[in-house]
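Order of writing sets the labels: A, B and C. Residues in every chain begin at 1.
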Amino acid sequence: MEMESSLEIENPYLPRLMKVQKIRVETENIKTFEFEKTFGHLPGQFVELSVFGAGEVPISISSAPPNLELTVNRVGIVTNAIYDLEVGDVVGIRGPYGNGWPTDALRGKNIVIVGGGIGLAPLRGLVQMILSERKNYGKLYILYGARTPSDLVFKQDLENWSKAPANLFVTVDRADEHWKGNVGVVTTLFPKTDITPENAIALICGPGIMMKFVVKSLKALNFEDNQIVVSMERVMKCGIGKCGHCNIGAKYVCIDGPVFNYKEIANIPTELK
Amino acid sequence: MRKMSEVHEIAKIEIAIKEHASSLLSEGAECIIGYDKDGPCFIEDLKEVDKLVWNNHCIHNLTKYLPDFEGKVGIVVKGCDSLSLVELIKHNQVSRDKVFIIGISCSGILNEKKEKYKKCKNCSHPSPVIYDVLLGEKPVPKEEDHSDVVELESLPHEERFSFWERMFSKCIKCFACRNICPVCFCKECLIDRRESKWSSKFVSTPEILTYHVTRAFHVADMCTACGECERACPMKIPVLKLYKKLRKDVKELFGYEAGLNLEETPPLISFSEDDPEP
Amino acid sequence: MTILKKQNVSKLLDELRREYKVFYPTRDEEGVISFSNVGDVVLDYSNSTVPPKDLFLPQTETTFEFEKGAEFKLRPKVHIVKRIVLGIRPCDVHSLILLDKVFSGDFLDPYYLQRRKNTSLIAINCTEPEKNCFCSFLETGPSLKEGADIVLTDLGDLYSVETLTEKGKELVDNKSRFFEEVSLEQEIARKRKAEITKTIDLKEIAERLEKSFESPYWDKVSKKCLNCAICTYLCPTCYCFDAVDESLDFKGQRIRCWDSCMFPSYSRMAGGINPRATKKDRLMQRVYHKFKYFDDRYGNFACVGCGRCVAACPVNLDITKIVSEVRGD
């Protein structure tokens, strides 16, 4: 039997092997894993993370370059296997994939960042980047909400941001006996701020239903559709636009997103459910 | 050539179905599940009642769709379909008082090549066993044909297994057999439950057999041999043989036949001290 | 004109088998036609039940093996055996042209593309379309102008042979003792036994689909769908795949397998949220993808008019009817 010559092309499905360097526990179900600083990415991009034997899942990069940090919530087979990883374990990483936040368009603007739950993860890298070149941007608002105080992620960063040149507002749906801050969903924070749409861009990430209501609040403040940017989430099996799973209309979240201008997806009903 | 009397009979039944559908909808029924020229149809509007048909190509077992409905529905059932309906009622998937059963006695359904389906040739229940209204002339029931199962049973074990190996090597795990089966009514099939890892999505012999054998045992005391599974299979795998074998075993072990008696408790969900040890 | 006598086909296949893995239509005891490399070749067939996309995007394939140890090993599995597919129909050839677009682009899929490189296609024009065929509306048949290396046309006892590529010409030249050159004063009339009878109205389909996203039409038409995978698995242009890991102790493999947008679990995210939770959502996704989204991205409908989905659907759902009927009102 004759063999054909091999196509000399890079195999985009083969993960790069990387070792877990550090682990930080964020909440009972969420951990942040740090890897070698040899990656290179844009805030808002994601990777396909493999635990060999369990599977592969898309995970947002939660740091600004050159750091590579992945924050994972354990909900399924693979994410539970990730949660159980130890320092030194070998994983597979493919990427970075996706388009990242539109950082060029943010220069000189007032920035409103709204995160819900683990949705703060892809936004964290953006905040870090903005704070590291603060004078390139206008006012910075960070609105963040989680279910309970123990579900707040990046607690150290929240601490730092409360002292940074930014307006930080944090809320929980349900307080515990120690909580002194706002209680209510993240949209209840808007009346506490002086956010106006003039020269502003809002960037949102969180559960679908949270994003839907945040968009409503922003529009009630007269934000135009094209002043709102969202990071979407869908089932992904390849991350490179071939397996078909992550489509929103004609767009693939993995290659046309995950960051979309709200205007692009506003006319596809049911998409911000 | 169809006899004129048959043609008239079919036309009369069709008119009667439409009349019942109209009056049910007028009385507030949510939907009438029947047949139109393209197969199963769902009539929710009086204006659409005319779409309903009855002819000797109405093969589909419509009882599959009943658990999807909350309110009162009317449904057209043939004899074979009515057995599935009995099972659905017994297993609390359908409330008897929420369904108006338009029963049709039928003398066999023809496929595209105008031949009778295999299951119709030896039909043991040509008239529905449960109904609110019964249309059509009652044909004479025949003895159910187990000869294909008996033939397979007579072969030595290795030959039987290699028969099923060859058959299931064609399986593409489309799950049509499961999804069309009226008594496969679990809201979440264990095969789909990835977390449990009972089976994987990929296709290889152990995975395929796991699915088919598991399903056969799960529906063993509910299968009424309506044959929809085999009709749906795009690879023409004779899956009905497997289910008929289990039906035969259930009959021999427990003296029980699915679909006949609303009062009888299925053996797989009941226990008695003198249960047979197979 | 170059011709191949039908009585020489088996001998040609035997000769080709010495150098290539050869796939051709076979018929099993139950009458199911599939492309196989064992068994008797069948030439009186309209089309295979499972499309030959299986030969390029197998239902199940290992993409790589892994082994944990002192040194972690990853071994990709790309197949490079030379192959020939004889008897592929024009519609299915066009489906491969469409799949090529998916598996190239910014990221090249070595598993699919290598198989394409390894494989020569000998297509056979259709002279007897089935009642569900509608290839002419999608301009993918019944005759083939491009996409295969050789195309044969049935002229009764023999095929006329046309080479469409250099590869095809080389193949005919190398095996010239099985072919003959004849000069005919008048072309033998092609035996077209039947015409295409099915129709599909594709006029302004993108606009009609866009306008009808909220239409109650979709509730009605999706009610009888069983959400099995027959239409997607038998479709030559469906390509969605899942990837899972299987392992025991320290060794394992990543496996890629067909997936179907008709399964509820297709779009269900871990945690339970499902953007396409209803039958209606899923049926809409299939129709919109085939006749709008794929066109938006790649410039072609993702349908070649083979009619397999229509023929095999157990509840007689017919995509040609849906596409023809859907209106924005």
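Please note the rule applied: a contact is a pair of C-beta atoms (placed from the backbone, for glycine too) under 8 Å apart; a residue touches a chain by one contact, two chains touch by 3 or more.
Given the structure is predicted, the values throughout are model-derived calculations rather than measurements.
A.B. asks: If you average all the Cα positions, which chain's own average lands nearest?
C.D. replies: Of the chains present, the most centrally placed is C.
A.B. asks: Among all chains, whose Cα centre is located farthest from the one for chain B?
C.D. replies: That would be chain A.
A.B. asks: In terms of C-beta pairs in contact, which two chains are most connected?
C.D. replies: The largest set of C-beta contacts joins the chains A-C.
A.B. asks: Roughly how far is chain A from chain B, centre to centre by C-alpha average, rounded to an integer in Å?
C.D. replies: 49
A.B. asks: Determine the centre-to-centre distance between chain B and chain C, using the mean Cα coordinates as centres, and give it in whole Å.
C.D. replies: 32
A.B. asks: Using mean C-alpha positions as chain centres, tell me how far chain A is from chain C in Å, no decimals.
C.D. replies: Averaging C-alpha atoms per chain gives centres 38 Å apart.
A.B. asks: Which positions in chain A touch two or more other chains at once?
C.D. replies: 76-77
A.B. asks: For chain B, what residues touch not just one other chain but two or more?
C.D. replies: Counting only residues that touch two or more other chains, chain B contributes 194.
A.B. asks: Would you pick out the residues of chain C that each touch at least 2 other chains?
C.D. replies: Residues 242, 244, 259 of chain C each touch two or more of the other chains.
A.B. asks: Report the residues of chain B in contact with chain C in the complex, numbered from low to high.
C.D. replies: By the definition above, chain B touches chain C via 38-42, 60, 64-65, 170, 172-176, 178-180, 192, 194, 200-204, 228, 231-232, 234-238.
A.B. asks: In the complex of these two chains, what residues of chain A are touching chain C?
C.D. replies: Spelled out, the residues of chain A in touch with chain C are 1-7, 9-15, 17, 50, 52-57, 75-79, 90, 92, 207-208, 233-235, 237-238, 240-245, 247, 249-250, 255, 268-271, 273.
A.B. asks: What residues of chain A sit close enough to touch chain B in their complex?
C.D. replies: Checking each residue of chain A against chain B gives 76-77.
A.B. asks: Can you list the residues on chain C that touch chain B in the complex?
C.D. replies: 28, 30-32, 34, 49-50, 59-60, 220, 223-224, 226-230, 233-234, 242, 244, 246, 255, 257-260, 263-265, 312, 314-316, 318, 321
A.B. asks: Tell me, which parts of chain B touch chain A in their complex?
C.D. replies: For this pair, the touching residues of chain B are 194-195, 197.
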